[in-house]
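One chain, chain A, appears in both complexes that follow, with chain B as partner in the first and chain C in the second.
Up next, the complex of A and B:
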């Protein structure tokens, strides 16, 4: 879809004395490396409040990358990514609080659990051929079931949720630092960079190419021998695992998780909106979307705390950030369905071709 | 004959279709009977189960009422309207506002909410969903999702989160063979049945209804015989939204009005739509009753679990095993 348009630049560009053009994935890795390097000094430059926004942007970024793999590349429109986010959050919180297991191990365990659950949900959905709206509704139903079950299960503290036990000082092994420490940002940066790198790798792997082909025409892909079920399951598992990382890190950063924060439908919606605003089915769309959506609530919070004259009646109200991204979502779907990054990339590619 | 909008069965096949529907209704009835019997054994108290059944059916009528508009839109336009619950919330606030300002009887606010929501529906369809931008399923999901966020948070931003209540003048409590039922719940149920009949009659016996069914079953064919498909789509969406308006006026004495009340009904309404078969108005009513029962029985079976859990279990089973709904046919 979108990124094929970007990458299908003919390889027969005028071959000057310059080095041959990089393969698309190498170019994308290079861009990623530059972005990560540029982001490293951010927490030292930004004031503490903005540092928190930066971390939130990275959490959104990981979620959106996860969603994009399944729904953007794979075309399987998920409305229930809260399930995987929540499983990541709850697995690591449960292991940490009840058994004292390091959050890193918990994060890995959460990835495994989320991937397994994604494969089970995926298997049944594909087996019974749920498509389009039905698939979206089914994923939504599973996320809601997990929310209801955790809310009423005493084994995971029910509606109260988990509070991460505080430790003295900072510890990389326990993934805990004093509030406002730049270490949180750097760890999130590594995780987010890893997620984007995985999504680049996946997009250009055999499995990724198969999945995009299956998305574009399942019947045709199956008829030339693409193992449809296997590749779809691989895709949902990867997507679930990446989203679980965001959940596990979220718990460690905010030191608290409850069923609504973990499995609430707003989590699924945030993942969707972020990826769609940036550009669905592109590598960089989730990155662009995360920067916009992640910083929006901070901007509106500041605006509503000290509103200008004509907005004074809104002082102390909430909801403005969601309104803004809802409007953005509708406008983008109507006017530039490839998202901000997808549309810009297409424009650039067009200009180059001329 | 089935009441499915996109029923394209020729008249000659009608008897066998009727038999199939009756058979399935029998199976569903038997399942319900078993479920009630199990609940009886579990709780050991007849009156508790009876109260649950009555409450379940009456609440289910409300679910059916809300789902009717959704199923109409789903069946004719193939649009999953995620904003249906938010539209319901808007209509509820409208109803509350009219009662608060004019002191009108809550049910009479229908005179305001139905035309208002009809207009909203028409505008939403024309402005956001028709044309190329609203063509693919993903786009429709995303646009209605965005709209739902916009409406809900608009209500939150401008009207605040405090719940608002409307009381029915002359509210009474009735005794139905030992079960206590509030008057407003019973009236909402009766209103749901009446609205279902009106919609069914409209679809089966008016020119507009015939055109809607034609568009639902084959829109290029409908276009060929001179039906303005885009106009029918807009009208159907508007009628679907107007159903939410009617439901809001009937339900407003029963619920606390909050900006997010649509969320919970959205979920149940989708379950009801899938259960009843999409586009099937009568199916929506029956599905609503069943879901109302499931909710109440869940609280008996699984002590301490949310009543919604049973609803989702039924939903997933229906999605996997009978995605065409209880009364639909496999296409």
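Up next, the complex of A and C:
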């Protein structure tokens, strides 16, 4: 190329020695591998009740990873991820119950359906330039619409929903094991690990960098050649597909799904809260958030079922978890707007720079 | 032969006639300065050329083909790239990442991409800032980043919206040298909006004067500055560096 025509004369104080940027994805894959390996023996160590919490954490994790791709990396704030969770759940349940299709195939089909619906919702929202709160409202409206449609459609059992038919013994192909089997945890671990791996790959791909640039400044990104619509649609499709996995697995694990469990707004809220508490737009935020929110949801459930003496008025009530989520959300947004992982990571980076 | 050709370009914002019947022709390798008072429609003109705004009438031809109303990314990928007057860095990225993003569409492989980006970063003199967050840059640095990002996209035609504004006189020199070098060595065609007349006089082959959305005059710098209409509309008032609307 040419000589430096502009002499290097930085406007104020120069930075310290410029560290050659490591390839962060390699470091992140290594961390992921360690985490997964550490988690493998968990179901054998934990008492059964805690084993169930661990599975729940992994379901939260998959949902939050899905949400984070669209709303964290992509900056398109979704308040309707229940739509994709529910489509994953209902597609697999419908195919299994009505047509005897393996839940694995059902899961894949659910991913395709969720991705397609996400792109349709996305296309119209982006085409008409819905942003911020308006976009969030549109996603919420679609999730609600799906809830109402399933509730009132006899074709999918209306408000009754689906019960997964029980089989004898264990079957990986049917994704069904005796209650409390560690296999559920391991399968969820593979799915969640896959979701995180996918989010690492995506974040560092050419497409992922375009997506982040478009989030930061859409016009500036387009002006240097970032294809905006295509990358937004890719993002929402990937996000929807991952979230659908959580829904399909949920159905197999709890053996039951109905419109409220699948498409209810509390599902969307769980996805948001998990990612936001952990750290929006970061790889590990959903992981941190899932551990916290998942454990908390168990604590509140126990508290409601068997409250201690002084909290006896809680007996048999519901909704405590949502109240706690709300409180945590307010505290996090106020005190650590980048989430627990996001804020800590930033502090560490700052210290390193000094 | 003309690489950029506008004919009859019209743009209205509600009642405001932002561009009216703009004709403009830029030859390959030419440097064209665009001047005019605030609100004359200079930035709107760039927005229309680069696809950020659709004109109500008229056409924009780039390199012989009609790009009127095409998406900004399509136009950028064809080789017509602009900078923004109000700097628009990707806030979550480092300086090097900002620049490499713009090279992504014509560079395969992360290693080559990083090399390309660092070459451009060095060219604009931001090497020491390469791995800092873009938002940490002071104004002069952000201006250079705007330029670097546009250069990384490999423009054949580069549209610069006040790259000198906000720079100290001493900071302007290297940028002006770089722009001259771009034409000399890379054969880049430049269209630049600028209020600093000394820079316009020095760099431009031709100057286009805009006033109230219309082209008031075009010609060599000397012709234009001698034109009584131009003096009346623009130069009459002290040509100070100031922000444009």
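Following the convention adopted for this analysis, the second predicted complex is superposed on the first by the 313 of 354 C-alpha atoms of A that agree within 3 Å, B and C clash if a C-alpha of one lies under 4 Å from a C-alpha of the other, contacts with A are read in each partner's own complex, and residues count from 1 in each chain.
Keep this in mind: contacts are C-beta pairs under 8 Å (C-beta built on N, C-alpha and C of every residue); 3 or more make two chains touch, one makes a residue touch a chain.
A quick note: this is a predicted structure, and the numbers were derived from the prediction, not measured.
Enquirer: Return first, second, both or neither, reflecting whether A:165 touches chain B, chain C, both chains, or no partner chain.
Expert: neither
Enquirer: With both complexes overlaid on chain A, does A:48 touch chain B (first), chain C (second), both or neither?
Expert: neither
Enquirer: Applying the document's definition of touch, where does A:323 land relative to chain B and chain C: first, second, both, or neither?
Expert: After superposition on chain A, A:323 lies in contact with chain B alone.
Enquirer: One more residue to check, A:265. First (chain B), second (chain C), both or neither?
Expert: After superposing on A, A:265 lies in contact with chain B but is clear of chain C.
Enquirer: Quick one: is A:216 in contact with chain B, with chain C, with both, or with neither? Answer first, second, both or neither.
Expert: Touch partner of A:216: chain C, not chain B.
Enquirer: Quick one: is A:178 in contact with chain B, with chain C, with both, or with neither? Answer first, second, both or neither.
Expert: So A:178 meets neither chain B nor chain C here.
Enquirer: With the touch criterion stated at the top, can you tell me which chain A residues are shared between the chain B interface and the chain C interface?
Expert: No residue sits in both footprints.
Enquirer: Given the complex with chain C, which residues does chain A contribute to the contact?
Expert: Going by the criterion above, the answer is residues 1-2, 4-12, 14-15, 18-19, 21, 23, 206, 209-210, 212-213, 215-217, 219-228, 281.
Enquirer: Give the list of chain B residues in touch with chain A in this complex.
Expert: For this pair, the touching residues of chain B are 80, 128, 133-134, 137-139, 141-143, 145-147, 149-150, 152-154, 156-158, 160-161, 259, 263, 267, 270, 274, 304-306, 308-309, 312-313, 315-316, 319-321, 323.
Enquirer: In the complex formed with chain B, which residues of chain A make contact?
Expert: 77, 79, 124-125, 128, 130, 132-134, 136-138, 140-142, 144-145, 148-149, 151-152, 265, 269, 272-273, 276, 280, 314, 317-320, 322-323, 325-327, 329-330, 333-335, 337
Enquirer: Where on chain C does chain A make contact in their complex?
Expert: Checking each residue of chain C against chain A gives 50-52, 71-73, 76-77, 81-82, 84, 88-94, 96-97, 101-102, 104-105, 110, 119, 122-132, 137-141, 144, 149-150, 152-153, 171, 174-175, 177-178, 181, 185.
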